[in-house]
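Presented sequentially are two complexes of chain A, the first with chain B as partner and the second with chain C.
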Partner chain A sequence: MTRPAHPHAMQPSRPGRTRTAPPSLPDRFPFAGRYLAYTLFDLTGLLYLVVGFVVLRAVWALGSGPETWQALREQFTNPLYVAFHLLTLVAVCFVAVRFFRLFPKAQPPRIGPAKPPPGPVIHAMLYVVWLGFTLVFATILAGGLF
Partner chain B sequence: MSPAPKKTLVVTRFDPDRDAAPRTQRYEIRVREDWMVLDALNFIKDEIDGTLSHRWSCRMAVCGSCGMMVNGEPRLTCKDPLRQYGETVTVAPLANFPVIRDLVIEMDGFMEKLTSVKPWILRAKQLAVEAGPVRQSPEQLEEFKQFSMCINCMLCYAACPVVANEPDFLGPAAIALGHRYNVDSRDEGASVRNEIFRGEGTVFSCSYANECSEVCPKHVDPAAAVNQAKFNAVIDWAKSLVLPRGGEK
Partner chain C sequence: MRHLLLRLEPLIWLLFGQGILIGTILLTGWLLVVGVLAPLGLVSEGALVFERAHRLAAHPIGRLLLLALIALPLWKGAHHLRALSIDFGGASRDPAVATLLYALALGGSALALLAVIRL
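Now for the complex of A and B:
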């Protein structure tokens, strides 16, 4: 049986003349069919929240001296941490691909006289920018810059 | 000649005078190869159970009356071939709407949301008939044409997870139609509608699930309209801050 939606979903501001049955959610929401991708997309937010705490901890370790920083780096080699970071990488890729797929059609038909390029071009540009940023950051982390 | 195949339709029933909550009823019927889901419902209504209530009118995907959940998916039943489903087909009223009776939903809430975005041409000054028609180029038409194909069937509302959880959300079709007039070169009411779009429960409540566009039977892209409307509402707001008279001509 279907689960209830918000009891006031699509209710008119004034009640009608007859009693109505409350609205129900679509059967497949939130974990079946196409809703699964959307739900996973939203759930990645929890992962980013944890990543935020990890980053804060890393900043705190940096400010606490070389020993604390070194200890944190050693903790990062723990298989659980490695698995967490890999999961985060998968989540970032998933969100990026979904966002890039939907972004082109969200562009207005024109801004003043200027028209945005066709959807496939915007799509390709997003991937080029993503790849470019990844390369720059990878070079910085490898010590190639600075 | 082989007998017509049988299918079982599991239909949601709800009588507000007798039922505490919706229930289901099974109808086993012989169906024809070319039937749509609506044809099967009409057969049940005409031949088996006259108490079954459902909305329909044109039978050619124009009026938008016969939207229902078929096997859990929002469908326009007059253009939904029955043969694509297995032996058992479930038919329920559109999700996210209160149910008046059986497969009939309460649509006043939708009509209120729709009219709130003023889906008609607004002009600062009405043109005289002598001035002749307002000309529009094919490029200008192309900017809004697909959004004007909306038939208000409300399938997008039945698919939208935000509609299910935020009662104030204007919803895909209303925003798409508001946006359709905002990008129409003949219209001068964009600032009025953008003011509405910047309010509570409007375009910025959309989390871009894209389900509305997936289920649209007329291939309108409401998700695109909603997200383009977000952009335009922000640009309009920024212009109102920096330009004299808010950038209005």
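Now for the complex of A and C:
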């Protein structure tokens, strides 16, 4: 069953001579077929927004002194917090995989005189940066470095 | 408001894009260690004690990373939720929804700046 879509999404600046049907959402929107990944990708925004404020709370606690920091660390051992962080970690990995696949396709054919590297090279570079940085950052946080 | 949002679109897209790219790169390690492994006791006890955590965070690079770790995911989240709201038929309410979400991201970013300054 189709229903009205965003009425201005594809509207031309001036009416053309060809008559067009009013825009409508595809049958499979929002959770069937390829729309599932699309909608889930947008839904990760909720987790990113919440986790941003959770990290803010952690940094604020760190600036408030040892007691506040210790209290926050104890709160983080609550199973609900662990489950939330685990779910967000899965969402972050999903965003990385989907976005890194899209990124090479979004490159312009030329940037001034330079040509971007081939898509597979950009793709591989993104994974190297992501996994390499995560390894170093996680090692530092876990006490293995510095 | 719609006109202002259109004028700010390049800046919002910049923060949104960096939220996906840099925010995702930064969040993975943080969530893994601070959110999951440390609470489960799989990280050495001394790794996140106050003295060490504060020393790392108060370093200029630490402050910059923490600012990005907070602010960029907020902008990614705000923009994606706005897109979701439009997709679910909310074109008419978009100016109000967008203003609310971007105000949250802006307020959170300002607090993040304050949080890293007071470390």
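Here is the rule we use: the second predicted complex is superposed on the first by the 129 of 146 C-alpha atoms of A that agree within 3 Å, B and C clash if a C-alpha of one lies under 4 Å from a C-alpha of the other, contacts with A are read in each partner's own complex, and residues count from 1 in each chain.
Here is the rule we go by: contacts are C-beta pairs under 8 Å (C-beta built on N, C-alpha and C of every residue); 3 or more make two chains touch, one makes a residue touch a chain.
Everything numeric here is computed off the predicted structure, so don't read it as measured data.
In the superposition on chain A, A:Pro30 makes contact with both chain B and chain C. Counting the residues of chain A that each partner touches, chain B and chain C differ, and the larger count belongs to C. Legend: residue contacts after superposition of the two complexes on their common chain; A:Ala96 is shown touching chain C, with no touch to chain B.
In the superposition on chain A, contact is made by A:Pro109 with chain B only, not with chain C. Of the two partner chains placed around the shared chain by superposition, chain C is the only one that A:Tyr81 touches, whereas chain B remains out of contact. In the superposed model, A:Thr20 lies in contact with chain B only, and not with chain C. Once the two complexes are overlaid on the shared chain, A:Ala58 sits against chain C while remaining clear of chain B. Contact with chain C, but none with chain B, is seen for A:Thr44 once the two complexes are overlaid on the shared chain.
Residues 5-6, 8-9, 29-30, 42 of chain A contact both chain B in one complex and chain C in the other.
Listing the residues of chain A that touch chain C in their complex gives 3-9, 29-30, 39, 41-53, 55-56, 58-60, 62-63, 65-66, 69-70, 73, 76-77, 81-82, 84-86, 88-89, 92-93, 95-96, 99, 103, 129-130, 133-138, 140-143, 146.
Contact residues of chain B toward chain A in the complex are 14, 16, 19, 21-22, 69, 72-74, 92, 95-101, 105-106, 108-112, 142-143, 157-159, 161, 163-167, 171, 183, 207-211, 214, 221, 223-224, 227-228, 230-232, 235. Looking at the complex, you find that chain A touches chain B at residues 2, 5-6, 8-14, 16, 18-30, 33-35, 38, 42, 102, 105-111. Residues 19-21, 23-40, 43-44, 46-48, 50-54, 56-57, 66, 69-74, 76-81, 83-84, 86-89, 91, 101, 104-105, 108, 111-112, 115-116, 118-119 of chain C are the ones touching chain A in the complex.
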